[in-house]
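To keep things simple, chains are lettered A, B, C, D and E as they appear, and every chain counts its residues starting from 1.
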Amino acid sequence: MTKKPWISLSGIGLFAVLLLTVAPLVLSDHWLNNLGKYCCWAIAAVGIGLAWGRGGMLVMGQGVFFALGAYAMAMHLTLETAGDRVPGFMVLYDPLAPLPMFWEPFRSAGFTLAAIVLLPVVVAGILGYALFKRRVKGAYFAILTQALAVALATLISSTIRETGGDTGLSDFKYFFGFVLNDPANRLMVYLIVAALLIVCLLVVWQFYRSRFGELLIATRDAEERVRFLGYDPANVKLVAFVVSALMASIGGAMFVPIVGIITPAEIGAAASILMIAGVALGGRASLFGPALGAIAVGWGQSSLGSTWPDGWTYILGLLFIVVILFLPNGLSSLPARFMRRARPKPPEPPAPAIAAVELEEVRS
Amino acid sequence: GDDAAAAGSSAAASCVDTSGDTVKLGFLNSLTGGMAISEKTVSNVLHMAADEINADGGILGKKIEYVQEDGATDWPTFAEKTEKLLTQDCVAAIFGGWTSSSRKAVKPVVEKLNGLFFYPVQYEGLESSPNIYYTGATTNQQIIPAMDFLAAKGVKTLFLAGSDYVFPRTANAIIKLYAAKLGIKIVGEEYVPLDKDDWTSQVAKIAAAKPDFIFNTINGSSNVGFIKAYYDAGLTPAKTPIISVSIAEEEAPAMGHEVTGNFASWNYFQSLETDTNPEFIKSWKAYPNSSGVTSDPMEAAYISMYLYKALVEAAGSFDVDAVNAAAKAKPITFDAPEGKVTLDGENHHISKPGHIGRINADNQFDIVWASDKFIEPDPYLEGYDWFPADIRKQLTDAAG
Amino acid sequence: MLELTDIEAGYGRTQVLHRVTVPTGKVVAVLGHNGAGKTTLLRLAIGLIKPTRGRVVFDGEDISSLAPNKRVARGLAYVPQGQQAFGQLTTLENLQLVADGRRRGKALIDAQLSRFPALEKFAGRKAGLLSGGQRQQLAIARALITEPKLLILDEPTEGIQPTIVAEIEHTIMQLADEGINVLLVEQHIGFALEAAERYVVLASGFVTHTGEGGLAAASTVRAAMAI
Amino acid sequence: MDALIAPLLNGSAQGALLLLAALGLSLTFGQMGVINMAHGEFLMIGAFAAYLVQQVITASNLSIPVALPVAFVVAGLFGLVLEVTIIRRMYRRPLDTLLVTVGVGLILQQAALQIFPSQGVPVEKPRWLDGQLTVLGYNWPLRQLFTILLATACVAALSAWLKYTSFGRRIRATVHNRDLAETSGISTRTIDRLTFFVGSGLAGVAGVAASLIGGTNSQMGAQYIIPAFLVVAAGGIGQLKGTIVAAWAVGVALAFFAYWTTGSLAQVLAFILVIVFLQVRPQGLFTVRTRSLA
Amino acid sequence: MTDASLVVTDLRVEFSGFVAVGGVSFDAHPGEVRFLIGPNGAGKTTCIDAITGLTKGTGSARLGEKELLGKQVHKIVRLGVGRTFQTASVFDELTVLQNLDIAAGLHRPSISLLRARRGVDPSIERALEETGLTGELATPAGILSHGQKQWLEIAMLLVQDAKVLLLDEPVAGMSQDERTATGELLQRIAAKRIVLVVEHDMDFMRRFATRVTVLHQGQVLSQGTVAEVQADPKVQEVYLGTAGAATTAAMAVVLEKGD
């Protein structure tokens, strides 16, 4: 995987050209905006690929971090739109109460941007530290993170005056001073998302080819053994987890200006699992797989979901089953499979050994 | 913000093409996910209305060609699909939605793109948009009649039970204001998430509070859990009756006999005896995928299509601005299963009769109270002095 | 009794065994270096992997496609390499597991507990907490409870204290005397050859040498393996 | 007094339902390591089975007692089919079963939405469950008592099955080391199928209980799955007694939180409680230890 | 000499009441291949577990001035204490080189982790040569044979430049000549390090041990040179066994003759 860095690099280059120049030229505004939305998910997916594909941490609650970025951004945009007034939705429930304390700092653009970066780092840092030091892993970790996402979504739903509740935050007019309805500005927002996706890909590319990438795989496959080589696996996992949380947060933050609305449903159990679906489809441990998978799932939802809504649910369900069952390494492993067929006798990774570790994880 | 925000909005020119012999309309409901259990019937009845109108020669002689979209119980998806319907499919108007949350997601998009959205479900009011027509009740057509009914019955104490989202929360805020005026004491208020069925803990609190009446703003299948817990706890319509605003003929059967004897406030009931209702019921029962019963949201969805037809024919055009102008020009009136309704061209709501029904053993409603005349829509409760003017002002200001 | 003829097998695309034929005999020893394919051959004999070529015949019946548990029912028993036990079960439960449904199950367990006193002492302890050697004894006991006709042993004395090694060796000899056939992988060439009626040497998955057992063969085998 | 007794009794009943939902998981997840996210949909299948039974046996006094075994078998068969077609290929990578079964759950939900009336169907409670039992001045619904008795019966039956038959041992052995179990003469295929059948069947029984509490519709399973998993995890994987204690504790905590705060906040707090608990005791209430490195 | 020695004093390990190690004291010094033997279940592995922080123990285990007990596993490793396991555990998906590189990373600053590896560390090359794995550089560790995996584990300790090597049955499953090679390797690396070997192979012990500690039921039964220990009747009784000793001795003779 580290042998030919230029192949991956030129892949990223090609991807950048497609996203940044070709797509704006050939796609209608609607589809470009949709692509922007998929890119937000793709950014989160790249992070999931790092944590899950490489780090073995099945993060089923990335919605939590997606929410941190998204709500930070949405609060800022809401305040920008409301000006000095209290946002409209709050008036409904208590017309006289002032803006909740925690909203105030989000008037500042600088604070908001800092929060989008620092909030997930701090939250994932504390959470990850606590979980990994206590050696919570495997299915426990997956279910715990999922439960967190559910809890946060429920919390937001039930704090309707403070967060907009189930309806979420929407109807933003400005994006850091730019009028959001202006097509030129919308293009700009799209380009920002696409560029961020490329940056995230570059970041994980460097991670994967670095020694850290190898250490992460080692930790995934034999965490205890890593401990006996003098590393604290908790720290190794923590780094991957925090980076993936940061990416989810960035994806969430950009989701807001692109889609124009954020609700608890985008962060709850179903949304968090859908993020995983894209990663699994594309190939959890590969560089491009998660991003491409997320874009494909997003696209499938938009297009198949409209032509054939009932069918799309079945397709999505089948997708989970077929891909995980027959293509555990996702669609991106297909080319390699064909190549392997052509070449004689390459070494096969010893599957049972990995499985044993994984089983222990589920049970321990 | 200043009004420059609006400047960018008229940017998108409409791509609606009605030069042929069809007109494209968009239908937008959740066909999958949690809300599908309620919205599927709305979607079906919209299809029926379109078929009827087509059989009748269409709108302005043009057959309706509809594009069905799935909102998937996801509000951003409602926004995305609205945008798609307006900019990709170039529909002349969109029909559908159920939850207030979905409407609030659609609203900025139709306003931005100057589209039309016809929303068929009773809701919490305090809203009006040049791009939305509301054919369900606003608060003064459902909640306030229900409160009047309770006051007339001599109710002194009331418990509020609702789902945890914008409609019940806002409705209850209004109920509390009006209750104060009526001298009704609110002895408790409980919310449970929309997707949770278990109401046992909350019902225990209700039983302990011993209210004269329960005002129920729960939506969806959570109502089933509520009614079962109520029945289990030994609460009865004789001693602690419930008045609901989201249990209709469609929902009641899933609760079996346990809901019998309780009340609901709606504008339309299947049992309503009007000139057009028997026809409506008959067509619906004969329609494929029919659930066999009619209900208020269905009726409101059904007439939303006829309202649109009336509007377009009055305007002589499918153009949004022309339609809105026609609405203002002279009152649009037509025969609905609930009676002869009139559109308020200013606030885009329709007049409605108020009705209270009591659920009988067949899960139908015996009408026990009716408003003496059709109630004019008043979404901002301007005709009600107990509603604080400063809230109204803040709300209208925030709405821009 | 167990005939392994012209076997090819491997993992995924890697072929490990190349046309291996194992001679038959009461006690057959399989010798070879690390990674030669000994364990692979035994896993194949018990049915954990399927041959891509060749036949596995037991008591005249072709069992090539039988699942391992069916082979156990036919009278094969297997003690895998590496002191394997069901860690979450107690020592006693490990034994009951195989004794269940057998007539005289209780007696069979008691017989093994008296054969291995350490197991008796730790009968109530989770097998995962036993020492390596204790687990190995447990594995052998578990295999013997099935009253096998053929016992397949993969390095049974690995990690066992000398006194017990001696016992295990003694046991194996005794079992052979009792008429139980043994297919044995053992690094301890001296003992293996002493016990074996026939032996086979594997190198990189090929049979490089076969012959009659007995201590006399030791030097030949050492020479064969030194290549 | 009411402030104590009502939440305690309500909570115990809520806990009992949670326990019913978690019981099957403690088999399929706790013992077999399979993370079956479609367990909630098996519960739904049980509820719909109760409805269908009621279409045949209209007397509700009778239909529910009949529905219990029927739901067990029907949901169990669905589980069996799932095992035979999909799960059996996945024992070597249990974490992935989570994702596959998410897909299965989606499909079952959508199918139920299309097959049954979308608003859901009524399941009538037997008349003998009408009424309340007065406990220290609190009118405790008989239905809640029934849920508790049903859960107790299921727990008793399950633990007897695991303890007094050799199946318990065999299941645990199979999970721990499939190859070793197989070569010890255990037919791991039979064990897998049977375990999955029973685990899924228990979800069906839970579905009947759930149908007496809330709506019987395509969405009903979704609300149980995460709490049920949390309960199994908090109890300690593979520890039946842990599951029982954890379910009861979560139910009572939920009821008390609901009493003091709101229904929504109670959900949030209960989740946080379990998460914090698992933080302190990552292996759950009751743990099994081994020395194995992995 | 003593400054870099491993000194274990009165080490005790209990498992909910069961005393697995009940006050064991011994010391090991650079330059010697120290063997720890004893019956199955005597507490040998548990001693190593306690010294390396895997299991909680009381008493003291010092490396030079530093107390090891009570420290976290990875901190103990960073003090220079490395171990192998009774069942070899390497990172199956990674190549031999990657395995070794991770081990070598111990002494690099953490920030360097973010850079890609270029070339092969000299320490890794040396370790590969020592263990004869040079040809397997690019082989995924998962498909190495049992014995090669054990060598790889030792190589990983070598690149870490561990001061103490605790080896739990390193030659289990190896053939005779592989054992010899391993033993010679241990003798070579012991020149500058402390090597503590747990083994049941008495021939191996006789050939390569400098000093031996015998554990029995969590206690030190006997301590001394190979000859001393072998002559100890208590050791013969509980561990070597007279018959067993005889057989193995006889075997040794046979094999010797075969050469």
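Basically, contacts are C-beta pairs under 8 Å (C-beta built on N, C-alpha and C of every residue); 3 or more make two chains touch, one makes a residue touch a chain.
The chain list, named the UniProt way, goes like this: A = Urea ABC transporter permease subunit UrtC; C = ATP-binding cassette domain-containing protein; D = Urea ABC transporter permease subunit UrtB; E = Urea ABC transporter ATP-binding protein UrtD.
In this text, all values refer to a predicted model and were calculated from it rather than measured experimentally.
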item: Higher-contact pair (C-beta pairs counted), A-D versus A-E; value: A-D
item: Centroid comparison with chain D (C-alpha atoms), farthest chain; value: E
item: Length of the line joining the C-alpha centres of chain D and chain E, rounded to whole Å; value: 48
item: Euclidean distance of C-alpha centroids - chain C vs chain D, Å; value: 42
item: Distance from chain B to chain A - Cα centre to Cα centre, in angstrom; value: 36
item: Chain D residues counted as touching two or more neighbouring chains; value: 110, 175, 222, 238, 262, 264, 267, 292-294
item: Contacts with two or more other chains, residues of chain B listed in rising order; value: 32, 164, 191, 193
item: Residue numbers of chain C (touch at least two other chains); value: 14, 129
item: Contact set on chain C toward chain E in their complex; value: 14, 31-36, 39, 81-83, 118, 129-134, 136-137, 155, 158-166, 169, 187-191, 215, 218-219, 222, 225-226
item: Chain D partner contacts - residues on chain C that touch it in the complex; value: 46-48, 67-70, 72-73, 78, 80, 84-89, 93-94, 96-98, 100-101, 126, 128-129, 142-143, 146
item: List of chain D residues in touch with chain C within their complex; value: 166, 169-170, 172-173, 175-177, 179-189, 238, 288-292
item: Touching residues (chain side chain E, partner chain C) in the complex; value: 15, 38-42, 45, 86-87, 143-148, 169, 172-178, 200, 202, 238-241, 243-245, 247-248, 251, 254-255, 257-259
item: Chain B to chain A touching residues, read off their complex; value: 1, 4-5, 7-9, 11, 31-33, 68-70, 72-77, 79-81, 83-84, 87-88, 100-101, 104-105, 107-109, 112, 126, 164-166, 169-170, 173, 191, 193-194, 388, 390-391, 394-395, 397-399
